[in-house]
Amino acid sequence: MKKILIAGGDMRNKYCSEKLSAVYSVKHINSDEEIESEEKFDCLVLPVPPLNENKMIPAPCSDSELEPEKIKELLKPDAIIFAGKTDDTLRNMFSGFKIFDYMDNEALSLKNAIPTAEGAVQIALEELPVTLNGSKILITGMGRIGTSLIEILKGFGADITVAVRNAKGTANARIHGVKSICTKCIQSDYDIVFNTVPDMIFNRELLCRFDKKTLFIDLASKPGGIDFAAALELGMKVIWALGLPGKTAPITSGEIIAETITEILSETEENANG
Amino acid sequence: MKKILIAGGDMRNKYCSEKLSAVYSVKHINSDEEIESEEKFDCLVLPVPPLNENKMIPAPCSDSELEPEKIKELLKPDAIIFAGKTDDTLRNMFSGFKIFDYMDNEALSLKNAIPTAEGAVQIALEELPVTLNGSKILITGMGRIGTSLIEILKGFGADITVAVRNAKGTANARIHGVKSICTKCIQSDYDIVFNTVPDMIFNRELLCRFDKKTLFIDLASKPGGIDFAAALELGMKVIWALGLPGKTAPITSGEIIAETITEILSETEENANG
Amino acid sequence: MKKILIAGGDMRNKYCSEKLSAVYSVKHINSDEEIESEEKFDCLVLPVPPLNENKMIPAPCSDSELEPEKIKELLKPDAIIFAGKTDDTLRNMFSGFKIFDYMDNEALSLKNAIPTAEGAVQIALEELPVTLNGSKILITGMGRIGTSLIEILKGFGADITVAVRNAKGTANARIHGVKSICTKCIQSDYDIVFNTVPDMIFNRELLCRFDKKTLFIDLASKPGGIDFAAALELGMKVIWALGLPGKTAPITSGEIIAETITEILSETEENANG
Amino acid sequence: MKKILIAGGDMRNKYCSEKLSAVYSVKHINSDEEIESEEKFDCLVLPVPPLNENKMIPAPCSDSELEPEKIKELLKPDAIIFAGKTDDTLRNMFSGFKIFDYMDNEALSLKNAIPTAEGAVQIALEELPVTLNGSKILITGMGRIGTSLIEILKGFGADITVAVRNAKGTANARIHGVKSICTKCIQSDYDIVFNTVPDMIFNRELLCRFDKKTLFIDLASKPGGIDFAAALELGMKVIWALGLPGKTAPITSGEIIAETITEILSETEENANG
């Protein structure tokens, strides 16, 4: 049975640890004091991101941080490392080890679409003084998050339009039973706009055409799809909602990370055996 | 054109006033200073509830309250009064006038089911550390609020069961594409329970069988359907969510009141003419 | 264990018999030859309708018919009789016995709404040269069949409007996430009209305003809601679809009858014991 | 204004012609007699497939066929040809002309997913003696047809499972609110199986495990995903449903072809101008 070390991290790592415990021998440490040097581990799971500004592993659950070098000593020479949003600093620190960035995993991204969409809908419910039922909603993009939003918002009885780039987008919107509009021809009479496209769609010129009451929720990773500076100047209501899965559904989010690690480990073993 | 006076009230009354202005001559006052004695009105709209503990009309938007007697002097002798959750004190104060309790209106109750259900879902999103997608949810009752919850939660991809009383309830659940269970045979393995039935279903005995992680949201009017004292003792997580429409969707809620008043006035006129 | 005799009937009675066999001792006969006189039964289940024009019990599965008098001799004096669409002829024939018309049972009607709606959608799919996706559809009424149609047609991505009588209908349409229109203001630009209301809504005057391409499917029991004579003269495409459950889903339909009989028998026993 | 010649074809080509007429100068001919030699065309639209076994253009609406060589003489030297399911015979006949196979167009395939799924559901409604509501349904694949089926069948209240290949498939199923199972672990207790995957999934061994009552509907193009020979021997109920869009929704199908041609022509022009 593989021995897995989980080092630091927020509630997600706690739930990830619980889920992995069903299959592996798991130890979760949140401070350097918990280290017992005699043990050696096959895998290390680090948080998202794995290092804070002090180049330490963050452990917010114990208001603490962990020393990467000490953690490294606990690993077997052929150990596998899982971390989210890895960078060169981390890769240099742990050079020689096989490192997987679980946030780059396509299945994880697909699974995270659901907590992201639910978190976005929660924001809309909290911010909007009208019901989603009957609201005019624009969603840009029909990727995983856009599709997840459509499925949820149809249940609310919202009046949904998807902004698409081409005839394939139009066809995909029809399959999902919603209206579509060409991204270039976006109208401005919406109660909410959910942006899921990481391109600058809502520039100053387009923002000017919208009513101040419209709520913009940007779900696209940097640089997002809304000109924030312009929106601020124009007095628009814009929320840039990043990292929603960990905030709104830490258990689900931790379990998704655990599932992803389990799948990668299974594939690795199959490849080794096959 | 009928002249309508709106006295006090929260954001709902403000939006109700705006909506009524499209059809009627409307004046909304929030303090005794705004009273101009020469005007006389055909209708008076009071808030929910119409009187506070000082027997004054609450006007929270101006941190003030209004004197009912002064308001009464502004009414024509045959004026119609609309108020929510009227009681004998109000009826005595305004004896001689025709009083409609708009909260007793069946169409208003049906319309309020949507903001109530959306508010309940918002609470669930805020409180639950897992996604609604895949969650096991129990809804008691298939009245207007239960039905509204079902429609919304289907979109989330939740695993929904409705507790029903009889074969008609079972059939109604099938029409809406969800599973049903007899109220007497309620199981206890749910992530969330939404109660919409104003009968004591979740007594101490039944609550004992539930996991502490289950979130109970009671939407039934007094006395509700959950034994709160027992739930408190048992350490259960219970939220008694009343008056959601005004809190979560004041614009929609105010517009629903305005629609209801407009319909009652139209019917009254038709009857007068017919 | 109660002994139940099923006499004649179509495929529904066959499946009803199979379902009842799980709980009761059941004998299903389809011709007079199958009668064995020594047995006496607690219950008799007759088809819908129970008698043909010869005043015999129809048994189409054996191209035969059964003599009611012979069947009567097989019953215990306190036997209960279940039949669909009973009339005075039947009640006179079996006077002295307790007779339940299962087609009058409210739970059965609710359950039959689903096979009725599915049958109606099948007709629409067969008749229409366009997809239901994107089609403009009018449904009159939000009773059980109307609601069932709405749930199904939303999945197709149809553009649904419900014709309602009052503000309660409007509110109910909103809960189900569809548009509504006042019955008096019905527009005429629909691809399909499903009528579920047993009142004459589509009279000659209204029909005249519709395009010849519109498909009318009338699901209301006699006299229906469409002026058929006028529709014929005007060259409209009208289908009067009655008895759909038995035609399109005989197994489900037979099982619904069996469930209804089981429930009535349970209640009867409870009342007898209680 | 571009001059378009539509030669032969079934109802789809008729409706394609009507739709194109809104934008172009269109002539639709169904027999050699209708040819007027003085006209020369910019585009030619041929049916699916463009040639019958006699190497003639089929024109079933006039019980006739057209001579390709005569049609060719009507084209300008730089004319563009649109045809469905083109082969070498056609390409040789019309060598020198630019030929587009509209059936290879990705947007058309996406759009055709809807009439295909609706046609498949129609078959299920016609064949099944139970309601889709409550039926256990397996769909293999979550491509465009699988997704379209899921959206429709959710509305029916069916109990849907999708067979998927990997964790991404599982995640996509969750987004759409349905259960999933690994293709290798398919169970056998389904009322209906819709296959949309063009791989041999349902081989003799797997088919053996299914009940004879299960209805198989194969929507995958040749060679399909079901071992038909084995299914026949085993007495399974299998329907291989190809070309559904043209059969069940000829107007929609013709309009989709017209839209595709319009888009290709616009892009061609833009490229020429740009």
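List of remarks:
Labels for the chains are A, B, C and D, by order of writing; each one numbers its residues from 1.
We adopt the following convention: a residue touches a chain if its C-beta (ideal position, glycine included) is under 8 Å from a C-beta of that chain, and two chains touch if they have at least 3 such contacts.
Please read all numbers here as calculations on a predicted model, not as lab measurements.
At the interface between chain A and chain B, two copies of one sequence, more than half of the residue numbers in use are shared by both copies.
More contacting C-beta pairs link the chains of A-D than the other of the two pairs A-D and B-D. Using CA-based centroids throughout, the chain positioned farthest away from chain A is C.
Chain A and chain D have centres, each the mean of its CA atoms, that are 37 Å apart.
Between the Cα centres of chain B and chain D there is a gap of 50 Å. The set of chain C residues that touch two or more partner chains comprises 114, 133-134, 151, 154-157, 174-177. The residues of chain C lying in touch with chain B in their complex are 106-107, 110-111, 113-114, 144, 147-148, 151, 166-168, 170-172, 174-177, 259-260, 263.
Against chain B, the residues of chain A that register as touching in their complex are 11, 114-115, 118-119, 121-122, 125-126, 128-134, 151-157, 248-252. Interface of chain B with chain D (complex): residues 133-134, 154-157, 174-178.
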